[in-house]
Structures are given as structure tokens and as C-alpha cells.
Amino acid sequence: MRKSVVMVAVAGLLAGTAMAQAADTKIGALMDVTGPLASFIPPLMNAANFAIKNVNDGGGLLDGKAVLVVGDSQAASQPAVDAATKLVNVENVPIIMGALASGSTIAAATAVTIPAGVVQISPTATSPAMTEMNDGDHLYRLVPSDNYQGDVLAKIVLAEGIKKVAITYVNNDYGVGIANTFNAAFKKAGGEVTAFEKHEDKKNSYRSEIATLAKSSPEALVVIAYASGSGSKIVKQAIEGGFFSRFIGTDGLRDDQLIKEVGADALKDSFFSAPTSPDKNDASAKLHEAFNAEYKEGADKPFVDQTYDATFLAALAVEKAGSADKTKMIQALREVASAPGEVVGPLDWAKAKELIKAGKDINYEGAGGSYEFDANGDVTGYIGKFIVDGDTYKQIEIFQ
Amino acid sequence: MSGALRISIRRLVITLENIIMRFGGLSAVDDVSFAINKGEITGLIGPNGAGKTTLFNIIAGRIFPTSGRVLLEDEDITSLPPHERSRKGLARTFQIPHEFGALTVLENLMVAGDTSRGESAFNAVLRRSLFQREERAVYERACDTLDFLELAHVRAEKAGNLSGGQKKLLELGRTLMREPRLILLDEIGAGINRTLLGKIAEKIKRLNAERGYTFCLIEHDLDYVSRLCGDVIVMAQGKVLTRGTIDQVRHDERVIEAYFGGGKYEVGA
Amino acid sequence: MESLMMEFINFYLIPGLALGSVYALGAIGISMIFGILRFAHFAHGDVMTLGAYGTLTAVWMSGLHPLLALPAGIAFAILAALAVDKVFYKPLRDLPTIYTVIASFGVALIFRSLVQLIWGTQNEVFIRGVQKPIVLFDLIRVSVLHLESIAVIVLAAIALHYFLTRTRTGRSMRAVSDNPELARVAGLDTEKVVRSTWIIGASLAAIAGVLSGLDTNIHPNLGWNLILPMFAAAILGGIGKPMGALLGGMVIGLIEELSSYTWFTDEPLINPGYKTATAFLIMVILLIFRPQGLLKGRLF
Amino acid sequence: MDPVGLFFYLVAFLIFGGIYAILCLALNVQWGYGGLFNAGIAGFFAVGAYTSALLTAAPAQTHLGGYELPVPVGILAAAVTAGLTGWAVAKICIRLKSDYLAMASIGIAEILRMVIVNEDWLTNGSLGITNIPRPFDGFVQGRAADILFLLVVWAVVIIVYLICNRLYDSPWGRTLRAVRDNEDAARAVGKDVDAFRLQTFVIGAALMGVAGALSAHYFRFLSPEATEPLLITFLVWVMLMAGGSGNNKGAIVGALSVWAIWSMTEIFANRLPAEFATRSSYIRMLLIGLLLQFVLQRYRSGLLPERSPGNAFDKDTDKTNG
């Protein structure tokens, strides 16, 4: 019986592959669909699909259509490696967008994509460890390393005139990275940190932690956590207990979910940092409008911009390379992402395809930044300062 | 009590001294002292709840008495765990068959043999030649036991699939795998058919007569007891009521009282 | 001194009790299922999740307050529990419990996937915005929800106690839990007892799910994240003892909250990262030294 | 269809399959032979993984260790520390009965997970350990390195299989199965039940540690989600039940077939239309849950049920043994 299951599996595999048109080109995507980050994924999946849709609406990829093949990396090493193996070996994708969590991104890269010579672009992985990795130039990311956002956030907080804060951060690769940098930078610049405590994700009550954090009366609470995880609960319980009224968060907290759970009124003194696009670029607004027209909601969710950009960049790299040959992707990606070249933005697939066809150099300026990769595949990027405005967030300042 | 006078100290296998066993507020065994004679088949009878099985469990070490002492010949074994008593030659069967269900009949017997070298995980993996001789001896003893019990035809069967009577035989067989000094049989005849019952009785008699094995058995069927036991101990409500030959105890007023609550009946008639 | 005292009550004690009441409501079901059906029900947390989502749907459709829409969620959870018992657990009942335990693990996976398929993975909330606490005598600040939670648990305890001691089914349940062999001999209707167990367990789980959802938010992992502390609570209270489970839940909730209180120094007693570990530590210690639990539950 | 790609997928599939096979064999020693309900597999797996990673990784400021020891040393050390952890756990709770042991072992595994995630100085906490080498790292580059690693993994699987088989087919294994089937009777025939359980638990835990070490070397990266109980504990239980507990071949067959289902269902899921891109993953989990129920109800003794090892002496006596 088991044999027949395997047989059917193989048969289905062959049939499935035969179904895809010969001229279509696959783009791989590693998404943490199930597992602890599941609540983030639906808008991000829409973002990736939207990028592919834009490609296909704007003339398609190479001589056919672009097809997104998703692997479920479940925010853990083992499924990430398994999913990446399938993308690389079974689906033969020339380039991979993802994964989201640093852990699954690193595991997929070191065990699968680097040895196989496939370029991987993570939209969100922030772990500093990725900078020094011996990746043969195969691993890129679209958000600055934790070291960067933490530093900038420290500057933003001090610029607000806040000298004394308490910090709580979620104990995962995201929270620990940013919190450590922020803590160091803030102290170095003369700020005072009254408490620096990690917390577990997934708990229902953080009240005792918050009460402890509130000792020695800090002016504000820095919450480095996801809004759909512990972040909203902490903010809500801190307000209910009357401990804090002012919160400082990063991109993980800057989520409509927070406003949905806490309400805009309670957040009027709070501010947030998040990677953003340069000042004059209206790419973000443009993308959000189109995105919301397509999916009704979700453009403001964290990491939507970066996920869209990563997918779009992957497609651009393939187009630039002129074929789905994975060995050409490093050079092609660097060319389409960096200056010099004619600037293209989100939704501009037709224009980009035209330019590439004409042999012109292009420079993708995305909704989430301009993505000038350095030698390590990192971006310096821009960090925006956001405040709550009605049901959503408003960017009020940009730092580089 | 004449039996006790007959024998010298050296012929006692098990001696119980003032055994008391309390569960919560209840005394299951209340100050019991007796000895079991070597080479005999001693019966332990009494109505339900008399404390017979509790006493067996105390002798076998499955539970420890609240107070009192258990001697194996001259050695105090009161606080010895059951497996160490077993190694000293105290073998037992259980009221409800306790077979090793997923093991074959042959394995059930071999497990009970003395395989101390082969029971080292290290030897099992790296020094297998070390226990081959020991294993061979245990195997042969198991085969002989199977032949003796007429179970050889089911030797490869899983013990869990045997009939109730066959399981009882198997339990008996397990007690024979090491040289036993005393075999405790807890209702070996319960719930099995007449034919098999006769067969088991015959085996016990032969083991006693031919090999000189000592038995102590709990039994409800007094006819059965009368066929096997020269010496019978009667218990009721946690105490020893009397002791003697089966004919003596059958007509003892106190025994009749204990079994039937007063009426003038002959017990087991 | 007084303010310290108040701080303790407001921010550690009452939240601890509120958290404990969620654990307790879940643990009662686990304890009863363990006592009567003899297996660790790993899908119990996901029954909570179903109850919360069922209530949420009723709130969306009717616009009622979540506590008024609760019966819909309870009915949904009961239905789901009875269905999986019939289809997945009952065929395995005569086998070693490991089969049912593994089956319940699979059921947990099925429930969670269904919730993700039907309702999606994003967090949902019953009530938007911050609930301002009630302030009494300028000293005690309690959130309405916490009062509600504590009231619900008191009501549940009274109702359960009444049911178990005064009704025939309730007494049968206790009998089966205390001594299944005896109960079978006495000719109790085991299937009815099993059914009642699921009904009560699922109802309380649904209530717990809704309370948890009111306190924070509703998401597909809501119950799964609570399952281990609830097991700890059930064991703490003594398996098969509903009142013990209730007590156990309260104790676990309190200890989790109090473990990070600044007891002796200005630092939290235990690094908040280890908050959950305290529950497990208590469970393990108890299993070793007093496996029958606080209220002398059954041992298997 | 690219045969080279399929070949490398098969290689990766068999590496995972081999690691799961070791876990399954280890659980088979504990549950199949010994009847011990260990629900904390992930904990021993993690101890092994971290031990080997810390000993063999490149030096780093962020965590302890980084001694760059040879990988085989790391794997052996993993077996030792996981075994010691198993010993400590068994010392405390081996007397607990079935479900209680399960609860205690889950609790301990969770505590271990929290230690790993919280003690940054030791494990670099949630940021994890990078630059973990594979054996023979210098020899081959790129995808071909996977083939070499596959050989290493299956060499370990074969060694573990041989160890388990010898344990099974010995008085030790026989006694252990007797302890599993009936504790009281085992005591009554002179077996030190607690000692056997302790040994079983330690051996199983050590083998789980080996599997953990191999996975760390395969990923070259280790972070606390490696202890995810759904993927380690639960899946391994399903594999053993499906394969046949008490049967070593069954353990390997179970590991490979359940892993095939787990991994290959995604390839189908990818064939669904784009609207299902997110949902297909949930559907996949749902199907796995249902499939499990099917296996439990229809194949409850597993694909290859337990068999007695037979007796070497029987050959020269008679032929009744089957």
C-alpha cells in the first residue's frame, strides 16, 4: 500500500511538471506559511503573488509567464532545508525569494542554495550572522541587519528627548538582534536603560513582567516584538495596568494589528521605526494603492513592501540574465538592483522589460528601499519614523 | 500443629514472624507467623479476603509488611526487592496469568533463566561470544521444561495467544527455570478445565516427588488441595486459623465457621 | 509598604488568578478525560480554539457581546469533541492508550489546520481597544475582564460541583473515574459517561478559549500554546479530580505570574524567559514526589 | 524533468530519512523494546545537536565552545551528553507509568528548550550557531558534498541498526521485552526492572543525540527551533507506529515512508493553483493528520509488526519455530 502511495506521488510529480508550459519560468519562494510566523503570511503571500501578477500583466517573464513556486519553510531549519531542496532540485528554480525568519533563511542557504549555486534573496532576515557568512555571493537581503535598525532607533528615541527607557524584547532571532544593538547604542549615546528583559512569545499574560519593567519609572517602553505575537498583548496590558502610555516599537510592532487590538487613541504618543524607501520615492504609496485595489487590505502590514520587492527583483534578475540559468543570477541581480541605470519601481514591469530588451541598464528602486547591495549582499537602507494616524501609520521622518 | 514439631529448624524454607500488613486503617494481615517445610506441598486456604494473596505478595517481596520478618532459611529477606528474592530461589505464579504476551512460549521460559552475562547491554552488542554457553544451557533447560509440561508444540507461539490453562502451565514452567527453593502457586487451578487441572496437579506431584521441590499453594478447590497437600494452613480475616492435614482442617469448627458463618457443613464436600 | 502590597495584588495576584482561571477551565476537561477515558488529550487546547472561533463567528453574525454569544461557541466545541471521539478515539478505546494519545495529537493538527483554512491565520479580537480598569478606593485596579474570569470560574466550579455530586450522571462519572472496574460491574452506562465527559470538557474548554480571547486575541495557536501548562495543572490537581484541576490551574497561573515578581531583590526572582518553565518544573517535581497530585487523584 | 535535480532531491530526502531512521530506531529501543513512553525526544535531540555543534564549530565570541574538533568526536560527545541527560531524566522519573512519564519527559524537554533559548553565553540563544562543519568538508564542494554526507548518515544508520539488532537479539533485549509486557512477572523471575528501564532510556537518549548531531552538521546551522516537538517528537512517534514498534526494520521503513509523505505532499501542494498557495500548506497538515488516523485504525501494528528474533539453537533441534 505504501509503495503505491509513493508510486502515485512520483506519477503526480511527473504529471504536474509536464503541465507547466515549457516557456514558463519558475521563481522559487520560501515562505514560513505554517509554524510560528503563520499569522504574517497571508498579506506577504499576496505581495509575492502580486509581484508575479505584475510581471505577467506587463508582458511576462522571458518568453512565457512567471510562475511562483512556494515552499513552506515553517520558520524552522529542518522544513526550510527540505522545502529549499525541493525548490532547487525538483522545481529547478533559478532564484529564490525568502525565507522570512533569519533561522530558516540561514539553514536553507547553508545546506541547500549556496552549495547548489542558487541565489537567495530574503526580504526580511535581519540576523547579523548573515553578513559574515561565506556565501559565495549567493545570499542577499532587503532589510538592513539588526545592527542598523537598532542604532537608528536609538538616535530617534534620543531625538524625541527621551533619556530613560525600559526595553522588553521577544526571545527570538528578530527580537534579540535588534534589542542588543539598540541597548548598546542607546547607552553609548547617553541614554539610560532601566530594565532590559526578554520575554517569551506565546504567553497570555505579561503583566508581571510589565510591572517589573515599570520600576524606576522610565519614560517609555521599547517593545521589540511582533504585533501579532507578544507585542500587542504587552502594549495592551501595559496601558490597562497604567504602567506606560508611551511605546517605542520596530517594524515588527508597526502593524495594523496593533491598532486593531489597542486602538489608535492609546498610541498617540508612541512612535515606531521601520525600513523604508528614500524621501522622494513615491514607490511605496503607488504599490500600496495598487495592492489594496487588488486585495482590499493589507498593504500596510509589515514586510509587504520587501516581499514584493524581493519577488520583483528575482524576476528582474531572470529577465536580465536572459534565461533561467542559475549561474547568471548573481551578476544580473546586482545589475538590476543597483545604480547606475534607469530607475524603475514597483508595477513598472513593462517598462523594465522594454529597457532590458533594449540593452539598457536599469536600477530598481523598490517600495521598501533602493537596495544597493554591498559586497556582503546587505543593504544599508533607510529607516523611517512612523506615528499612528487613524487606522494606519504615517511616516514622518527618514534616517539613513 | 504436630507438623511444626516434626521438623527441625534446618528444614524450614520460609519462616514468617509476626507479619502485620495494614492498608490505611485495614489490617489485611494481622500478626501471622508460620513456616513452610522443605520438600512438602503446603496449602494455604481460606475464604475471600482472608489475606492469602497479600501474604504471598509479602513472601515474594511485591509488597513490604508494616512489621514483622520474613526469613528464607536463616537469612532475613524482609526488605529484599522481589527480583533479588527470585534470584535466591523464591519463585511464584500469579492468580491472573502474567505471561509476557509478545514473547514466544520458548522466550517466556528463557527469560526466567539465569542469563546474567547476556543481560549486559555491552556484552549484547560487543561481546556476544561471552554468553553463548550460558544461553545454550538456558535454552536446553527451557526445552526440557517445555517437554515436561507438554507445551513443546506451542513453543513458537506468542504467549498472549495461549489458552488460559496453557498460560498457567507456562507460569509454572517459568518457576522451574532456576533451581527453586520454594514455588508459590497462587490459584494455579482457577478458571481452567478439569482435564488440564488434573494434568497440572500431576506435574506438581511429580516435581515434588522426583525433584524434591517445595511448594506453597493458594487454592479454593479443597478437593484439589486434598489431592496435593499434606499440610494445610487455614487463614481468615488476616489471621492463621489453624494448620494440619486436610482432613483435620475440614472438620475444624473454626474453619467451618469462617467459611460458612456458622452452619454445620463439611467444608469442600 | 501599602503601595507595595497593592502593587502585588493588582499586578501579580489578580492577573495570576485570571490567567489561572483559563488554565483551570481547560485543565478540568483534561483531568476528567484522563480520569475516565484514561488518556492524555493533546487536542484539548484546540477544542478551546474551536470554541473561541465558534463564538467569534456568532459575534460577527449577531453583534452580541462575546459572553452572550458564548453558547454558540460551546455548542460548536461540543459537536467537534463528540465527532472526533466517535470517529477517531472510540475505535482505539480497547488498545493501549498510546494509540489514542497519538490520535489526539493528530486531531490537534486537524483542528488547527481547519481553523487556519476556515478563519485564516491572522489574529482576531472580540473587542477593539484597551479596556480601562475599574479603580476601587484609589487602590485596587482590576480589569472588568478579570472580574468576569474569576466570576465565571466560580460559577463553573459551583455548577460542576452540583453536577458531580447531585446528578446521577455526575455520580456515575465520579465512580468511573475512581474505579472503572467496579463501575463496569455495577452496570453503569459507560457510553453515557463518556459522552458527558466530552460535553463538560468541551464546554469548559470553549469558555476558557473565549476568556483567553477576550484577554488577548484569537489565533489558530491559541489553545495549543496553553496545552502544556494545562496538563501541568491537571496533574498538579490530581488526575480525575475536577476540583483538583481547578485548584491546579489557579496555582500554575499564580506561580507563573509570581515567579517574575521582585521578591527579594530589585531583580525578578526568575528570569521572565523561564516563566513557563516554572509550570513544568512544578509538574515534574510533583510527578516524582506526589504523582497522585494535590487532591489524591488516580494513579494508573 | 531534470534527472540530476531529482537525484539530488533523493539524496536530501535520504539524508533526512536517515536522521529520522536513527531517531525511530532510538525510540524503538525505548518504546518498542522497553515500553517507555518518551515524549521528550526533541530534548535529547537538541542536547546532542548542541553538543556536537559547540565542539566542532569555528570559534566565536557569541557562544561557548567553537573548538573545531573533528566531527566524529562531536558525534560521539553528542551521544555521551544526550545519554547523560537521559540518565538524569531516567533517574528522576523512570518509575512513572506510561502517560505520566510522557508528561514528565515533555516537561523536561520544554525546560531544556528554554535553557537553550535563554542561556546566550552557552548557545547564543535564539540567534543560533553558524559555521558548523560537515565531515570531510575539505574534499568536496557544492551539491556533491550532500552525497558524501548521505554516505556518512547512512553509515551511522547502519551502525545504529546493527547495535539495535544485537540488543534486540540478545538476552538483554528479551528481558527488556519481558519487562515491557509484564513488569511484575519480570520482577518475579529475578529481573531488576528499574535497572533495565534506566539502561534502555540512556541508550535511546544517546542515539537520539547522535541524530541531533547529524542534523546540526547537515544544516551547518543550529538554532532553538530545532527542538520543535511537532517535527521531532510527534513525527518520530508517528513513524514508529506506522513502521511497526518492536521491529528495527519497521522503524526504518516507517521513518522513510512517513517522511516521504511529509516531504512529497508539498510537491503536490505546489501543483494547486496560486489562490491555494497559502492554503495548500494547511491542507497538507490536515491531510497528514487524517492519514495518521487512517494508519492508527487500519495498520495499528505497523507495516512490519514485532517478531521474536528466533533462536540460534533451534536450527539444530527442530523446525517448529517460524
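A, B, C and D label the chains in the order they appear, each numbered from 1.
Following the convention adopted for this analysis, a contact is a pair of C-beta atoms (placed from the backbone, for glycine too) under 8 Å apart; a residue touches a chain by one contact, two chains touch by 3 or more.
All of these numbers come straight from a predicted model, not from anything done at the bench.
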item: Chains in simultaneous contact with subunit B and subunit C; value: D
item: Chain hops separating subunit B from subunit A, counting only touching neighbours; value: 2
item: Closest chain to the centre of mass proxy, which here is the mean CA position; value: D
item: Highest-count interface - the chain pair sharing the most C-beta contacts; value: A-D
item: Between subunit C and subunit A, distance of the C-alpha-averaged centres to the nearest whole Å; value: 36
item: Separation of mean Cα positions, subunit D and subunit B [Å, integer]; value: 43
item: Cα-centroid distance, subunit A relative to subunit D, in whole angstrom; value: 33
item: Of all residues in subunit C, the ones touching two or more other chains; value: 116, 271, 273, 276
item: Of all residues in subunit A, the ones touching two or more other chains; value: 34, 36, 41-42, 171, 198, 200
item: Interchain contacts (touch definition) - all pairs; value: A-C, A-D, B-D, C-D
item: Contacting residues of subunit B [partner subunit D, same complex]; value: 60-62, 81-84, 86-87, 91-92, 94, 98-104, 106-108, 110-112, 114-115, 117-121, 123-125, 128, 131, 135-136, 138-140, 143, 152-153, 155-156, 158, 174, 177-178
item: Subunit A to subunit D touching residues, read off their complex; value: 2, 5-6, 9, 12-14, 16-17, 19, 31, 33-36, 41-42, 45, 49, 52, 68-72, 74-79, 81-83, 85-86, 88-92, 102-103, 106-107, 110-112, 115-117, 127-129, 133-134, 171-173, 175-177, 198, 200
item: Touching residues (chain side subunit D, partner subunit A) in the complex; value: 1-2, 5-9, 12-13, 16, 114, 117-118, 120, 125-128, 130-131, 141-143, 145-146, 215, 218-223, 225-226, 228, 231, 253, 257, 260-261, 263-264, 266-271, 274, 277-278, 280-282, 284-285, 303
item: Residue numbers on subunit C that touch subunit A, as the complex places them; value: 7, 10-12, 15-16, 18-19, 22, 116, 120-123, 125, 128-133, 141, 143, 212, 215-217, 219-221, 225-226, 256-262, 266, 268, 271-273, 275-276
item: Subunit B-touching residues of subunit D, taken from the complex the two chains share; value: 163, 166-167, 170-175, 177-178, 180-182, 184-193, 199, 203, 246, 306, 308, 311, 313, 317, 320-322
